[in-house]
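Heads up, there are several structures right after this.
Each of the next two complexes has chain A plus one more chain, namely chain B in the first and chain C in the second.
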Partner chain A sequence: MKKYHLVRRSGQSLARRLVYYLIGILISLGIGAVLLWSLGINPFEFYGRMLSIGMIGNKYAYKNVEGFLKILVPLLITSLALGLSFKMRFWNIGGEGEFLIGAISAAVVAFTVTGLPRPLTILLMCLAAMLSSGLLGLFVAFFKVKFNTNETLVTLMINYIMLYVITYLGKTKEDWNFFLDPKSARPIFGKFPEAAIMDGIKIGNFNLLWSVIIAVALIVFIYVYLKYTKHGYEISVVGDSSATAKYAGMKVGRIVMRTMFISSAMIGLAAGLTASSSGTISETVTNNVGWTGIVVAWLGKLSVPAIAVTSVLISILQFGCKTAATKYPSIDSNFADLLQGIILFSVLTADFCATFTLKKKEDAKNA
Partner chain B sequence: MEYAIELKGISKQFGPLFANKNVSLQLKKGEILALLGENGSGKTTLMNMLSGIYMPDSGSIFIDGKKVSISSPEDSAKLGIGMVHQHFKLVERFTALDNIRIGLRDNKSLLLKKDTKDVVMKMAEKFGFDIDPDKLVSNMSVSEKQTLEILKVLCYGAKIIILDEPTAVLTVQEIDKLFKVLRKMKEEGHSIIIITHKLNEVMDISDRVTVLRHGEYIGTVVTSESTEKSLTELMVGRKIDLDIKCVPIEKTKPLLEIRGLTVKNDEGAIAVDHLDFYIRGGEMLGVAGIAGSGQKELCEAIAGLRPIVDGKIIHKGDNIVGLPPAKILEKGISMSFIPEDRLGMGLAPSLSITDNMILKNYGEHKGPFIDRKLAREEAKKVIERFKVVTPSTETPVRKLSGGNVQKVLLGREIKSGPNVLITAYPVRGLDINSSYMIYDILNEQKKKDVGILFIGEDIDVMMALCDKIMVICHGRLMGVVNSNHTTKEEIGLMMTGALDLVDRGGKTAGIAKDSEIAGNDKNETEDTGL
Partner chain C sequence: MKKLVSLVLTAVFAVSCCISLSGCQAQTAPATSGATSKAEETTAGSKESESEAKPAAGDFKVGAIYINSQNDTSGYTFAHHKGITEGMKQVGLDPSKDLYIVDNVPEDDEKVKQAIDQLAGDGCNIIFGISFGYINAMNEKATEYPDIIFSHATGYMSNEKNFNNYFGRIYQARFLAGIAAGYKSLAIKNDNIGYVSAWGTEYAETCSGINGFALGARSVNPNAKIHVYEISTWGDQEKERQAAQVLIDTYKCGVIGQHCDSAQPQIVANEKGVFGCGYNSDMTAEAPKAHLCAAIWNWSAYYATAMKAAMTDKGSFMTTVGNYYQGLNAGLVDVSPLSSNCEPETAEAIKIAKDLMISGKWDVFSGVKLVFSGKAGAVAVEQKNDALKDNQGAEKVAAGGASVGDDVIQGSMNYYVEGVTQVN
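And then the complex of A and B:
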């Protein structure tokens, strides 16, 4: 006979959830420490570097902040965008593909439109990226609405199509291929002209890129959009019960297509900003945000502030691991990935433990 | 005396809420015990602990005097307990026989189809079941499915049978048949627990009645020593007036006229077949019919949610066929349909009461934003007016109990000030108290000259509440009767299609004398039919 059974905890205490997360992270760091120790690395030193994203004792600490923000911005915007479609129960796992088509479109503008001032060029790049990604998302939504195709499959396949498109562009040395560096004999993506490269506000040596400001504005915008507008209301009703939405006279198909357009266009914007701030594109331009963004959106329980916080933490983890790993010859970026995996897994376990509890079955005293 | 089942001090908590608190119950061998209680009083939870779906947090269960622990439906079946759930647990694509076979666990000799068939048929004969073992469940009527469910648990060797609201979906004749079977089972020494809201059935079938209120055990009485009134008082905890009033109202011109309406269901079969009827302002028209006779399709067609094949829907002289749902709402036609799961249509379960209030009119809010302040005011008004039990206006609707969910839904429909109110199963699964509250709400609307289409399950209620009753069978009109000049039996016969009163006495039922539709239109629609 079973003596224990799982019971959903009463009430949702944020404090308890945070304590559980903390315990989970500490356990995973402990496992990581054992691994580091066995490789002959002092774990405290490693973690110190990791959590401070390599700023401690670094003359060029501001460079690390800049590097960190470059990782954060695309992840943050993509996670918000994916959260938007997930809220509608539209399983858009095509973040990678939508990001790539946006990056390619931004590169087309960067290489072909010349002679315009920098702000205008970058604006055009972003608009091109948003439009192309948005249309790709709209395409998927259209088929979902018209023929009830499975959006998970379609978006998944789009990821691969776009990956091969950009690989083709990066590997084909032909006269028409303006994406490549004309000076190099080997096929290699060219550097954008000066006017297409993002600049920012100088604060001392630190360069605060415009993309960061745009990302912060987007957090506020999406928060308000979801919480206070009619569109946001429609998204939550459609996500909760599309039968009810139809019954209330909502045009469900239109809402799905509109939201997918906005969601994908945001991912396109992330791609445009990323391409512009790195000054080039490559097969790895996405840094896997299309995938990581899914994890962030769910860890953040589809709430905008939680998604923002989660993406900051994940970015610290990613960038911190990478910078810390460069200091030690015995480990490489793969170790950083391993550690990230362990931490994410324990956070998800902690999440489960914060929701459920084991309860002992007891017999009544008066029996 | 040894009991078939004895429960002592059973408690079950869901979060901070007690679904059952220190409940005791005794079921004697060979008796029929009715379990009575309002919605959310914990009847189903208690029974689910007997069938192994939940485990009690504390308390003990004795079967035949032995203390047992039931931690899975399998344990429950081994102890000889069989539960017939409100929502059937059958495989639609299997035959009746196969549905029984998939659940046979221990007895290997029964795995052969022929052997099982013999056993099943013998069992069916013993209790007087009328069943075709090779019929597909998907082709069965509700009553056939229920028969199969009961036969199934009997074949698994159940000596204790629990029935959760078995009569909710049956016609009068079918209920009689069910009760005959139950009495037969009792004679054979089976013990039965039956959950029902209908007091006349409790009086008819049960030996004793156990009453729960708010998850607590109130008491057990012998049926023959109690009355419907005394049982209600036990259940509700205070005196209550059991009369349903039908408010006579001066009728106005036909508000909504339906002529030759033909609608298909999701499978493409004809669900509503050349239906004619009308509702006047201040009139309540009941719709009686066996579940699945086209009620849902009719509602959806009027609300503009389902395309119609043929026919006219005239509202105040305007044809509303083909208008989008939002436009039909604007005209003041409100439709609220309570489906079996009570949540699927009309409400967004994870959203708050506030957010559900504005589901149909958020478009009228100014600018691109939602006016939550206004919505909260509306939510407060509905909560106050209909006495919705909820911690706050921001509570998600799915956390409310069934009765409160329905009050929220009906409250929203009424606050928009409709002139035609279509309401399907508004008291589905509700207890007496909540049901009467809903009848009052509807009567109040009638006084405001609203035309009401009341699609219901309980014929007694419809005869008391409605001015007229329209009976449909397989989507066809069987006649419209005046609720003062009809009998339950007559309506029952019409529901099964055995009695057709259309065209009796040369007058076509369902067409108003002062119709807004010109006479020749009628012929046109008939010509284009089929």
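And then the complex of A and C:
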């Protein structure tokens, strides 16, 4: 191995990258197929169910589309938001915590504000969620800018703090705890009043939630924001080199705090929409988007359209693996997770191989 | 360029999707057409419906929502999965074909609803949810899918048409295990009995279990003291271990009962040379020198009943099965076979108590106490009128009074009976 070392490939050949992705995915599906076969399951049938998100032979196929969109929307918005902060080289891994505080705030509004019409209630919920999450992000950015604290550590710890807060709320049966279902002797999160539960546009049986439309609008908004506004330009300069930004007369601290506020507020919006469309909250309300979003943002190379497409693919993978496993009593969701992991790992490996190559040392010197 | 990359990624997924779809149709259509004929009426048209019709049982599908995985080898989900698969075999269903499972579903309404949608879409006729927190989602979805029977373990909600709840009188089995513990405590001349419990008085389920076990032990050894250690989680092997160690080392307990997922308390008892009563499954294999007998569930008793009723006439499910709460009489709960560690009197005493409960002449939480006496071969029981008191001395049932209501046992019991103390 001493004779070889890794070299970044010169020139970005798109064709090569695509071939690598294709090979990576095929290899992972092949490994999965062998595993499935060894368990006595027809891999073609399994993959068919997986990639069609369980809609083949489904009595209520539209429900699966609804379920899929409910998984997609929070992941999409969170990935976009995380991409925003990563572009600035601000390592915000607190997506989970920011999501949770947003969901809790939305629930506070849902349970306490009554008598308002539905759109207004939901708007208030989303605003509360965005404000609380945004302030949490601002808090982290402030300490980063002011005292140069390590944002990775701070955001990571915030995840756990918020997780324990929501667990406490969900497990504490006390009179003050309006989050819980008053009718249940055991502590269990209550259901929001009707006015706080999101509806959508009915297309036949299919219910297109407003959150989907908001998410699509957000893609366009962030794309324009990053590409055509002064703010977007500032973010990319700060990401490239904060010294350059300073030299050009930009207020780096302000830009970092502002962007973190926007980024976290978007995650808060995702949380508000999720809480409202589920009609309740729980410890697992995030569906791990704070973590998955990091993968999505990087797989999408921080480009807005690519993040959008990647989050769709990852959601298909997540939702599809789980629904496919339903039909086969011998495999559980752990197997679905395993398969997902194999596929993701292969894509990342393919990405790595497409970017780097092994070269002999002498060659490297000459090059 | 990055856009292009992602576009092609999509294309790759789409292509592999098509490949696998066509493969699926070519290879598996004949095999699945019988089972999914209902679903295909709406989606695939009449193409496959011409294949031979299967017997009615082939159309009946069972859906299950689990809190853990069906591949667990012990614990709560394991016990239910075993019950469902055995129950299916009893009514002529094939668990490898007719059973649809969504596993690892947390107590999160949104996730439970999605699981139900999936199972409904796959054509399930009855859906079992085994965890308490599924309650609101199941209640809501029962209205949305009136053709599907919804059945919820440990809950309290139901409707008149297609939604019931089910649970069992496990306290009866614990009373029997308590008898075994009581005889052991007499034999080793140590009145201290330990009990590792997931929760204490917060949940009627754990609370009634502790009380049942305590009354069983004290029916043999009136001086027995039950020390409860609460671990505040349904299952955590390390905490279960530590709790058992504390009970044995600090409180000098000679027998360890338990209400938690793993066999760790029994294993600790085995290591320390004391005795114990397990839960959920016969733990004699894990603790050969310590284990006496365990309070066990036999869920298939319920599952077979429920599936049979739903297959025969789902319209009358709520009158034939209804909200199901049975015990020793239905074989839903029992004690595991007594190990050779048990005292010789145990089997006789357990049989006497069991017969009394099965016949309905006596139940655990009443104003009548059982008092066992006599040596092996001549064990006698006296039914003594004696008030049921909590450990503060407050009377709950007057001497000679009838048993507390099922709603108390299942829902509002929040006191320990005489002889029980919680140590933490």
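Things worth noting here:
We take it that the second predicted complex is superposed on the first by the 346 of 367 C-alpha atoms of A that agree within 3 Å, B and C clash if a C-alpha of one lies under 4 Å from a C-alpha of the other, contacts with A are read in each partner's own complex, and residues count from 1 in each chain.
Everything below uses one rule, namely that a residue touches a chain if its C-beta (ideal position, glycine included) is under 8 Å from a C-beta of that chain, and two chains touch if they have at least 3 such contacts.
These numbers were taken from a predicted model, which means no experiment stands behind them.
Within the superposed three-chain model, A:60 lies in touch with chain C and out of touch with chain B [touch as defined at top].
When the shared chain is aligned, chain C comes close enough to touch A:300, but chain B does not.
Once the two complexes are laid over each other on the shared chain, residue contacts for A:148 go to neither chain B nor chain C. Between chain B and chain C, it is C that contacts the larger number of residues in chain A. In the superposed model, A:112 makes contact with neither chain B nor chain C.
When both complexes are overlaid on chain A, the residue A:38 reaches neither chain B nor chain C.
Applying the stated contact rule after C-alpha superposition, one finds that A:249 touches chain B and leaves chain C untouched. Contacts of A:230 after superposition on the shared chain: chain B is touched, whereas chain C is not.
Residues of chain A that touch chain C in their complex: 12, 14, 17-18, 21-22, 25-26, 29, 42-45, 47-49, 51-52, 54, 56-61, 63-64, 66-67, 70, 173, 181, 184-186, 188-189, 191, 274, 277-280, 282-285, 300-301, 303, 305-306, 309-310, 312-313, 316, 322-323, 325-327, 329-330, 332-334. In the complex of the two chains, the chain B residues touching chain A come out as 8-11, 14-16, 55-60, 67, 69, 71, 303, 305, 324-326, 329, 335, 337, 343-351, 355, 358-360, 362-363, 365, 368-370, 372.
The part of chain C that touches chain A in the complex is made up of residues 1-10, 12-13, 16-17, 20-21, 23-25, 27-28, 32, 36, 38-40, 42-44, 69-71, 85, 95-96, 99-104, 106-111, 114, 117-123, 132-133, 135-136, 156, 202-204, 411-412. Interface residues of chain A facing chain B in the complex, by the touch rule stated above, are 1-2, 5, 8-11, 228-233, 236-237, 240-241, 243-249, 359, 361-364, 366-367.
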